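What follows is chain A paired twice: with chain B in the first complex and chain C in the second.
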Partner chain A sequence: MAEETTQTAGGPFFRVVKRSGISTPRAWLIRLAAVCCGLIVCALIIVAITKQNPLSVYAGIIDGAVGTNRRLWVTIRESLVLLIIAVGLTPAFKMRFWNIGAEGQVLMGGMAAAALMIYLGNTMPNWLLLMLILLASMAAGMIWGLMPAVFKACYGTNETLFTLMLNYVAIQIVNFCIVFWENPSGSNTVGIINSSTSKGWLPELFGLTYGWNVVIVMAVTLLMYIYMKHSKQGYEISVVGESQNTAKYVGINIKKVIIRTMMISGAICGLAGAIIVSGGSHTISTSTGGGRGFTAIIVAWMSKFNPLVMLLVSAFLVFMQKGAIQIASQYGLNENASDIITGILLFFLIGSEFFINYKLELRGTKRGTK
Partner chain B sequence: MELILIFLQKAIAQGICILFGASGEIITEKSGNLNLGIPGIMYMGGIGGLMGAFFYEQSTAEPVGLVGLLISMLATLLISALGGLIFSFLTVSLRANQNVVGLALTTFGIGFGNFFGGSISKLAGGVGQISVAVTADAYRAKIPGLSQIPVVGDLLFSYGFLTYLSVAIAILLTFLLKRTRKGLNLRAVGESPATADAAGISVAAYKYVSTVAGAAVAGLGGLYFVMEYLGGTWTNNGFGDRGWLAIALVILSIWNPARAIWGSFLFGGLYILYIYLPGLTRATQELCGMLPYVVTIVVLIFTSRRNNLESQPPASLGEAYFREDR
Partner chain C sequence: MEYENAIELRHVTKRFGSVVANSDISLTVRKGEILSILGENGSGKTTLMNMLSGIYSPDEGSILIRGKEAVIRSPKDSFALGIGMIHQHFKLIPVLSAAENIILGLPGAQRLNMALLTQEIGALAETYGFELNPAQKIYNMSVSQKQTVEIVKVLYRGAEVLILDEPTAVLTPQETQKLFDVLRNMKRAGKSIIIITHKLREVLELSDRVAVLRKGAYIGTVETAEASASSLTEMMVGERISLDICRDEPQTPEKRIEMRGVTCRDKEGVAVLKDVSFTAYGGEILGIAGIAGSGQKELLESIAGLQETENGEILYFSPEGTVEKLSGMKSSEISNLHISLAFVPEDRLGMGLVGSMDLTDNMMLRSYQESRGFFADRKKPRKLAMDIVEQLAVATPGVDTPVRRLSGGNVQKVLLGREIASNPTVLLVAYPVRGLDINSSYTIYHLLNEQKKKGVAVICVGEDLDVLLELCDRIMVLAGGKVTGTADARTITKEEVGLMMSDSGRRALGHG
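Showing the complex of A and B:
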């Protein structure tokens, strides 16, 4: 790396050099530039399709995401859900365990919550029911995360593919339950559960409908931050992630760490399911996960597991999604436009990481000098 | 007997789009790229072909099936190759994480398909559903003569040409991977890019070519679905989770396209088994629906347990390669 050579003519036009470090403001400047480029590309596409002034289109996006009090709170609620799933994925990814199964873990958690709401709705006080719901959903998500972890730990089974497949098993299980829970019967949907009694719904807090959502998600995020940064277990996770051989050498029980970490990861994703069902939709369907299990993977990875960045990225993505749905209905397009916009923004954000970690040197510049 | 015949026919019809996807994903994965964007790419391929045929049929008063067929196929190959190009550019050139790029590509591709599928006829100034009957008929044309033979004709010769193309591609790819120098190089890139690089093989070029070509092949699965299966129309999310089944099939076939052929028929059969099994209630039908995934998980566990070198995923699967990172 240290050799001081000048690239001779005829070599590649530029070469890629790994940066030894980059200042935080500079990294953020690059990310900001990427977002701007992404927004410009999206604007071009929207304009090409709707033939409207791009500024009015973006005004429509802002209006759709935060235009009214209700929309603002829906955006906040959805951002929180994305955040908590990303937080749940953090320990697994830090351990280099590709948990692609958040979608399934969220669904299983949501299903456990819905089951308790339906079967125990009228048998106990609401606070007790809610406690049970939170615990049960965590247990359900934990089981879903535990299975691939055990096989990964014991046989080295590829966890990416295993967790991916479990998502679809979870979807079928939810379909199975919907057959028994559907209301009204024959509709093939569960409908709003306990709509008259509000049993098992997260109550208002400080007069805010989604007050508890904020409290729970923030608490989990904070705890996870402390766990990862300041606990022995959190340290073990990062050692296993960086190098399994090192972990073995210092006497860390890798199997135990993998299984324990995935139980935590699955449990938090399951909890996210309860927050979606008890604290938001009050129903269960195969789209309860809504692809957020996948989006959260991108959020967690792009944020480098920094909780503040995670919050920012989740809020930004949800903002754009909600906004895109609004402009879609405004201009009579279908709402999948939001997926296209999300996808394009993600491509730019993912691509920008390259320019943070590497720099391009043009032909003829000297290496090793600044 | 009649019922079994119909079941087999339907199972094969279901299997073909999965087979295209799996064949494409296998050559992609052999280069060490785990392209989780395949489900999205298959949507993109499907809508690309549909749009190509749609604009062609709109532009002429007397559309010819064969021309529509060629145009739509070209459109599919181009659009799905573009998806593969986005993936390779981000993961190979920009060294982004493959899982993350793949998932983003799937989000994008499904949105792309549903968006244009749902609104293309409206954007073009028409009303109602998009429909390309003439082109679809060309895709659905059976082999004359042979398809008239009872039973054998129904079972083997009653499909459009894409079915035979998918099997041919799978066999060709197996030959390419196992019997040619290029295939050997490709496998070397997937197993150990550093070694391949040292041997003078261009790792980036192999990853690019195999990923883009794999995406194009997978896109044909989407084309098959919209043209032959749906008959030249679009239903939002109609393609469902077949793209993920294709990735599952890669595991079931242990990274061998020829083995994916019967695997795809098996998956196709499992996918529709619930319709044909007698005595199922609605609830047990849903449980039946998880069979393909459960089978895949079991295969995954067994291959990892047996620890047989021949049946492992490519060693560098999912990892970016940077020459200076060692």
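Showing the complex of A and C:
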């Protein structure tokens, strides 16, 4: 009767245990495994739907993203845009200010760039025009970031709703402007602005079409890294984000920090708008943002605000998008197929973070520690 | 069936990740006894009891209830086995009456006969000598009355074993005595009672046996009659330590802070400080006693410039002889005047420090604005962090470790170390040893005494009256936001202080 029972008496079959720490290579191994699992699941779905060999479908993705020189540069250009928006969001999110209005801030920046290209295109030298474009787009984005910040700081309004709603305001303003700017008239689109003179277009650099895009985005990323890591203002942002009580305790002016940080965040998103319009599409439409203001939120959080990781993540996402568009046309799938593949991969990648922070332990597992 | 042990634990082990909260613990609770579980914070007392109340299940080992092996998977199983736990934080619904809270969740008839139930509950309370009005709403009750409801609730469910987690933490000395009386009545009626505590005096006064835990391990059980405060401390800490706090006479006290008729309101507009006046002198420790939430927090925060005051004024008398009016100033304005005011708040990781930041960055909180230019200087804070780690023997892997990962005592050393490093003339500390082990507590008392010797005006809010009476030079008592008395800590007794902070005193002043 009185046996010495030392095994577990009851309890669930397995339980979740928080890891006390994990080595970097091990963490990356888990992420790699997650990508592999994701690719396998995608392959199964591809086979089930198209009866195609998944390997050739994956080859199609690679071909679509980097298959030709032009495709490679488009992928790079789009990655840079995603990167700079994510960089712009970084200070806001570090402050726990849920800025989901990057879409609108980008759109306003793009609109300011388009307006200057249209109205001032033939009045001044190109370098001066470009300087004005960059400044104006930053100012436009800044205003769009400033509004929710002022209301949050002074009246405690909810910034999530405020920034989200401002996206729709921005879309309507662009819609309104297209009426004046449409070219050819009646098309309800703006068309390529200054297509004959290339005024207000970012020029080539070192013989590369998107050379300036690379330089501007990399410079902004580097400056943001230094700002967040080594400046007093970056330090204040972290303190306000981590604990407003502590910020108050040491005498930080919380209102000032919120407003200042959102001006910076909005300005960088506005600059992203100029890079899209001046440095890429050379036109403006309501879909100029293209959902990148939202995708960049995923980029920023997945990279835990590390700029180098941000670069990799945005490149990966754009790579998958471009590749998926290719296979969609090649195999007669519709465009949503790309979203499915990206979605599955993201699901596995984000899910893998759980296994980096926690591990499962089966019932009865005993460890050597005594 | 006859049984001697109400509960027997055999080789129980519980881990959280790599942390072993309870390691191979075997102990017994007899029928009709009061057993104290004694241990420092983090020694695994509450975890062990949570396994009895079904909140956790053990990784290894077995639990025997009345001689039979039992599997406790949920609090419901635990109730069915006759185990009732009274948690530190009460789980009551304020808008319901005591009786309604007590029957909540029990099976019963479709139509409630409240009159009958009230009578039943009243009778049950009377058996054990509780003072309880079953029809009274919870929101009208004092903390000790709420605790009574929790205990009666458990008894009404037929509990044979009662577990009380730090029951005296929220009570005045008089209320504690009353609680002990009913617990003794319950023991006489054959109930087994387990009390989780770290207060030695109460253990010696109340319990029959004491089980001691240290760092998750079971050290042993002793008969209280054969134990003394020092022998129990030795079991708890693992080494012999002196329990005396040295207290020197204040040297040439100088007026530093004077508060005149200050009233403060909280966000809801309720007055939390009412017409408070007092003076604090350099070179002495002024203790602030009172039941939790009597205005202690607001008192310190209004001096530090974090709480707006409605009327009255707070004056600062500098050692150079100038007088500044602190009321109406923000904390940043106060530090701009180079008034060196150090403040160790109650919420260490949520206010005094940033938990996710490392030691260096936490040192910077006070100093980063001093350096000129755009960039933050991390060299000096890093040096300061290393000095504090060395001088105060902070146990940390390094100055790059987030302070959240440090134990409570080390967090407090880091915070107090930073505040003292600014050479303050006034030092405000709130609950400086809450959650700390005995050794760390004595380090903190020592640091406060050192500051006193340097001529600093120390204002210390505390909860353990025994300690306040040993540490402080004068004691001021707050009740319901009012000062109910100031006395010399060397001559006043604990009971006198208890009366000043008691419920009746508070009600007389028109609070609840």
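Everything that follows uses one rule, which is that the second predicted complex is superposed on the first by the 355 of 370 C-alpha atoms of A that agree within 3 Å, B and C clash if a C-alpha of one lies under 4 Å from a C-alpha of the other, contacts with A are read in each partner's own complex, and residues count from 1 in each chain.
Going forward, contacts are C-beta pairs under 8 Å (C-beta built on N, C-alpha and C of every residue); 3 or more make two chains touch, one makes a residue touch a chain.
Computed from a predicted model, the values in this text were never measured in an experiment.
*Asks:* Looking at the overlay, does A:155 come into contact with chain B only (first), chain C only (second), both, or neither?
*Replies:* In the superposed model, A:155 contacts chain B only, not chain C.
*Asks:* May I ask you to decide whether A:243 touches chain B, chain C, both, or neither, giving the answer as first, second, both or neither?
*Replies:* A:243: touches chain C, not chain B.
*Asks:* Using the touch criterion from the header, give the chain among chain B and chain C with more contacted residues in chain A.
*Replies:* Larger number of chain A residues touched: B.
*Asks:* Tell me the contact category for A:18 with respect to chain B and chain C: first, second, both or neither.
*Replies:* both
*Asks:* First (chain B), second (chain C), both or neither: which does A:235 touch?
*Replies:* In the superposed model, A:235 contacts chain C only, not chain B.
*Asks:* Contacts for A:172 in the overlay, against chain B (first) and chain C (second): which applies, first, second, both or neither?
*Replies:* first
*Asks:* Let me check the overlay on chain A: which residues of chain A are in contact with chain B and also with chain C?
*Replies:* Common to the two interfaces on chain A: residues 18.
*Asks:* Please name which positions on chain A make contact with chain C in the complex.
*Replies:* It comes out as residues 4-12, 17-20, 230-235, 238-239, 242-243, 245-246, 248-253, 366, 369.
*Asks:* Under the definition above, what is the set of chain C residues touching chain A in their complex?
*Replies:* So the residues of chain C touching chain A come out as 10-11, 16-20, 57-63, 69, 71-73, 304-306, 330-332, 335, 343, 345, 347, 350-357, 361, 364-366, 368-369, 371, 374-376.
*Asks:* Report the residues of chain B in contact with chain A in the complex, numbered from low to high.
*Replies:* Residues 34, 36, 86, 90, 93-97, 99-101, 103-112, 114-115, 118-119, 122-123, 236, 241, 244, 247-248, 251, 281-283, 286-287, 289-290, 293-294, 296-297, 300-301, 304-305, 307, 313, 318, 322, 324-325 of chain B touch chain A in their complex.
*Asks:* Can you check the complex and tell me which residues of chain A touch chain B?
*Replies:* Chain A reaches chain B through residues 1, 16, 18, 49, 98, 100, 151, 155-158, 160-162, 164-169, 171-173, 175-176, 179-180, 291, 294-295, 297-298, 301-302, 332-334, 336-340, 342-344, 346-347, 350-351, 353-354, 357-358.
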